[in-house]
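Structures for review follow.
What follows is a pair of complexes built around chain A, which joins chain B in one and chain C in the other.
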Partner chain A sequence: MTNDTPNRILGLLLVLPALAVIVLLFVVPLASSVVGAFRVNGGFGFGNFIKSYELYTSDIIFTVVIVSLSTLLIGIFSIAIGGYLVLGENPRAVAILRWLYRWPLFIPFIVVGQVLRTFLAKNGLMNNILIEVGLITPLQATSFLDWRGIVIAFVWKQTPFVALLVSGAMAALDRSTIEAARNLGASRLRILIDIVVPQVATTLMVGLVLSFVTMMSVLSVPLMINAQSPTMITADIAFRINAYGDYGVANALGLISLVASGCVGWFYLRQTLRERA
Partner chain B sequence: MTEVERETTIMRTFLHASLALGLSAMPAAAAELTVMTAGDQNMVDYINEYLGPLFEEQNPGHKVRAVGTGPGDAGSQKIVERFDAQAQAKSETWDTDVAVVHEKFVGPLVENGYLDAYRDRISSGKLVTRSNADMALGTNVKGYVMPMFNSQTALAYNPALLPNPPKSYEELAAWVKENPKQFGYNGIKGGASGVSFVMGWIYAFGEGDANKLMNGPFEEAETQKWSAAFDKLAEFTTNATLTPGNAGTLDLLSRGEIAIGPVWVDMFYSWQASGQLPPEFKLVLPAPGMPGQPMHYVIPEKAPNKELAEKFVELATSPKVQAEGIVKRFNWYPGIDAQHVQAELDEETWNKLFTDVTPEDLTSYGKPFPITPFNNAILEAYERHVTN
Partner chain C sequence: MTTIAASRPAFSLDLWWIPRSIALGLVAFIIFGPLTNLFLWAVTERWYFPHALPLEYGFSYWGRVFSPRGTAMESLTNSILVAFLTVALAMALAVPAGYALARLRLPLRALIMLTFLIPQAFPNLPVYVNIARLFYQFGLNGTVAGVVLVHVTHGLVYAVWIATAAFASIDRELEEAARSIGASPLRTFRDVTLPLAAPGLLASAIFVFLESLDEFTGSYFVGAPDVNTMPLLLYTASAGGNYQIASITAVLLLLPSVGFMLVIERFLKSDVLSKVGH
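Now for the complex of A and B:
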């Protein structure tokens, strides 16, 4: 066609604003942060990474372990919720669960942090209830405001998100496979693990990868629940900037958490590519 | 971008937008005075609800607008970065008339030549003689700042659990060993009361000269003398309860989870006044002392309404406002010398401020923070020894 070239230019022009926004607001700041991580006293070097390693190794390990553990728990709970919504036999219980499980989706992380801070404290609501009921004595009450508090906050907040995706995918499955398994006498647990979960595995992975990356970037929860030692990388980044005005080490820590998220992303991409191949 | 950077950028965009709107909407004759303040929401409220209306009443036609930049050092850091940006852009007039910043940030602002030396031009300037209005963590800032208030950290304790509180760091260390988890502090990442406790620890147990830490000059060799003190602090911390933040310490105290912990004196009194802390709780300032710090009013060299800005600070540091606003409303120690403020106050209010921590205690045990390079070195050494 003769008007192919003008069309192509028009297409480029149409895409240009969006491209410019991405370059200016995302690529440029990211690049400057990456470059900043290697900038030491005017020159370039690995000083910021050495300092990050010396001061924050335990925090980096802590972050990865905490977020991985949370991701695992989120996976288990969202499969359980999605599974019950699809396979549950009591319609009333299914309706109640369907109505309830989405609530945390609409609550910001900072509010989750604040709610759990009063709920999980040593003399907080949870322990008071347990003591009232007689399950524990006041002396046995311990504070959960440490790594456990962070995990609880993450799982509580992110499970609905993954469960929403997973239950949607489960509902869209061809029910004949489920019915067939049921006719052959498989238990509901067996159907969930052997029939349903393998078919929604991709959706589950997407949800978990997105949750992992989201949790890596949360600052409010570790600050409110456990700003102690060890803490999450985000709290260290904030501290580097606020206490020392030191953007170098903050950038280095940012790059390290980017690499951690990147690994998960890479794993996910490889998985999807293999499936498509 | 990290979350903090993103927040900063968003906040900047908002500030720019709101400033542009504010400036364009301004009537020709009347000026709008922009007061930028670091600190908690209470600082913004103080200006919006008390100081601003008072100033507008005395200077009809003009308006005061307070902009909060966030709590803690982070808030002051934002103001510094804002000034940096306007200096680098070579702006003729800046967007700030008066700024309220933490002590740590005044030195760099003066050294960069951003500020106006206005103290001798206002009448309340001669009511300040305390040394921290002349020197800010090792930098000479005489003439450039007026202290808004002085605040102090001390140990708050629950007399029901601890009738005879430790009177020194030495006694505290021994007590904590026998009573594990009964002492709580917020480390160094959850607010300045924990930082202050750590600085006091180094004053008490560091092998170097504490006075050199407070007055300078900075020497690298001095930073090597803290190892034993930090080892001791690391062991101490395993027997302590770590709290989430300044408020977290007060929170745990009020619920009886800990018996003693470092707090800001003003926060302690405010919580007591609002019923969040039982009235029988008390304060003790341990030997050899804990740090406190002033917040300062500064005026940028290129402020758009300099004359009005000076008038504003003059009002804010007048004995009457210091008595009514600073001492009575917020339980802060006054920024100007105490004797000028005492005359404006009834005895009860005055005594309340000095019941547990007497003026003598304050003179002997109220210390400044270390100068900035030592301050940073101590924080980093804490991260190296205690938290990693």
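Now for the complex of A and C:
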């Protein structure tokens, strides 16, 4: 034990600088954003929230609906991709999918915004191809640069991340139960839903919660794809600061997005604690 | 399993190729369609409605981006400078922290690990807004140092977590062997631990580099308009309707990211990956 105390002090000294950066440059500003949300003209009150409610209710609902819908779609697609990688019987198709699905993984959100902005526009490449192939007529071509564009951008960018986590967890599963169910004649879809997904549920939830939080704070995608009303809270925060220097309402909106993320995180924690109990 | 597959009639296997190819083709279109569009815009001279493809191809916009006096060149150098400084500072903080978290007995170790996750677990935007306000008082707003500090905060989770995993995956006996033949703790760290952890540390450094290169929101509030980085240039070019410049910038940001995606498995071996978060 005599050797232990200096060891601990050394350890703390080595960790301290990195820890200090997080506390000073993230935790402190985070706390000041929470405090700032309640600050009105030198005092404290709910004025900023009342103003946010009056001006941005539709945007708040829009944000929560869009991010939830994206999270749901990301979950479905990553289970489908992971499931096919684990249960697919054609090795060549599995190899092709494994090579394909990861491409958007490290592509930054701002690039995703630019890429889809040109691709999904009314006269973008997607509509052009559909017209050339004869699937739609030029009159039927519509721009996808509204809520659909934001959802497509989020799903396009975040699905590979969750699919990577989920397929990794699926690959680590014990194959014997899967083989047993297969021998009893269960279909692959049945095996995926009844046996594989319940066992990787924790990993899936971690990926989805992280994606939800990430999407809640992405500014570039709503700015690039759809900055008209209704838009996402993040675009409103940037607007409040740049146009009015209004930190009160910006912080109130920030706290609302924080609470939305917090609810998702809390839901996840409660779920895992219940499972472990 | 092989007996079942062999006893199936051959034609049923052939028929499965149709939905399989359609599905894979669709996935390929969803992934590469938008990317193709980006590369087309990057080499387009003229392209307008209702033409399905560009009317004229060329590299004149590339010349404009890389011209020495252009604003694009300034953003490129800014971005690379900020990214290198971010990596240097983040690794200087993360290597000691990762070693301590992996090897030394620390009180509240789990809590410390979680603290580094905080910047990923909370929405960043309200934080950047307030950092910008804070930095303004210290004269850090609109400086390279300010942008670097913001990027370091965001990149530290990758740096610390992967560095910890890299150190934890090293066999303790190798270090003990070095100690037993008389090497000092510092020498052991320099000659045994550090070289063995190098691939994992390199992976975390690349992660931090890419995060910094691609970061938009923090640079938007802290850096703009004085410190222009590539993502900011992309945004202003795109907002101004200059799709060629925006697409060329996007391609320049895309290449390192995709390149890393293709080689990540060489740096992040499964023995390191399995230790991440432990």
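Convention: the second predicted complex is superposed on the first by the 258 of 277 C-alpha atoms of A that agree within 3 Å, B and C clash if a C-alpha of one lies under 4 Å from a C-alpha of the other, contacts with A are read in each partner's own complex, and residues count from 1 in each chain.
Everything that follows uses one rule, which is that a contact is a pair of C-beta atoms (placed from the backbone, for glycine too) under 8 Å apart; a residue touches a chain by one contact, two chains touch by 3 or more.
This is a predicted model, so every value here is computed, not measured.
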Check your understanding: Can A:L55 be said to touch chain B (first), chain C (second), both, or neither?
Key -> first
Exercise for review: Check the residue A:I96 against both partner chains and state whether it touches chain B (first), chain C (second), both, or neither.
Suggested key: second
Check your understanding: Given the touch rule stated above, what does A:F161 touch, chain B (first), chain C (second), both, or neither?
Key -> neither
Exercise for review: Have a look at where A:F239 lands relative to chain B and chain C in the superposition and call it first, second, both or neither.
Suggested key: first
Exercise for review: Return first, second, both or neither, reflecting whether A:A250 touches chain B, chain C, both chains, or no partner chain.
Suggested key: both
Exercise for review: Considering only the touch criterion stated at the top, classify A:N226 as touching first (chain B), second (chain C), both, or neither.
Suggested key: first
Practice item. Counting touched residues of chain A, say whether chain B or chain C comes out ahead. Key: C
Practice item. Once the structures are superposed on A, label A:F144 by its partner contacts, choosing first (chain B), second (chain C), both or neither. Key: neither
Check your understanding: Which partner does A:Y268 reach: the first (chain B), the second (chain C), both, or neither?
Key -> neither
Exercise for review: Please indicate which partner A:V15 is in contact with in the superposed arrangement: first for chain B, second for chain C, both, or neither.
Suggested key: second
Revision key, fill the gap. The shared contact residues of chain A with chain B and chain C are 29-30, 33, 117, 123, 217-219, 223-224, 234, 237-238, 241, 250, 254
Check your understanding: Any idea which chain A residues touch chain C in the complex?
Key -> 4, 7-8, 10-12, 14-15, 17-19, 21-23, 25-30, 32-33, 36, 89-90, 93, 96-97, 100-111, 113-119, 123-126, 128-129, 131-132, 138, 156, 179, 182, 210, 213-214, 216-220, 223-224, 234, 237-238, 241, 247, 250-251, 253-255, 257-258, 261, 265
Check your understanding: Where on chain C does chain A make contact in their complex?
Key -> 1, 5, 16, 20, 24, 27-28, 30-38, 40-41, 49-50, 52-53, 93-94, 96-97, 99-101, 104-107, 112, 115-116, 118-131, 133-134, 149-150, 152-153, 156, 160, 210, 213-214, 216-217, 220-221, 231, 234-235, 238-239, 243, 246-247, 250, 253-254, 257-258, 260-261
Point to revise | Contact set on chain B toward chain A in their complex | key: 1-5, 72-74, 77, 80, 186-190, 242, 244-245, 251-252, 255-257, 376, 379-380, 383-384, 386-388
Review point. Any idea which chain A residues touch chain B in the complex?
Key: 29-30, 33, 54-59, 117, 121-123, 143, 145, 217-219, 223-231, 234-239, 241-245, 250, 254
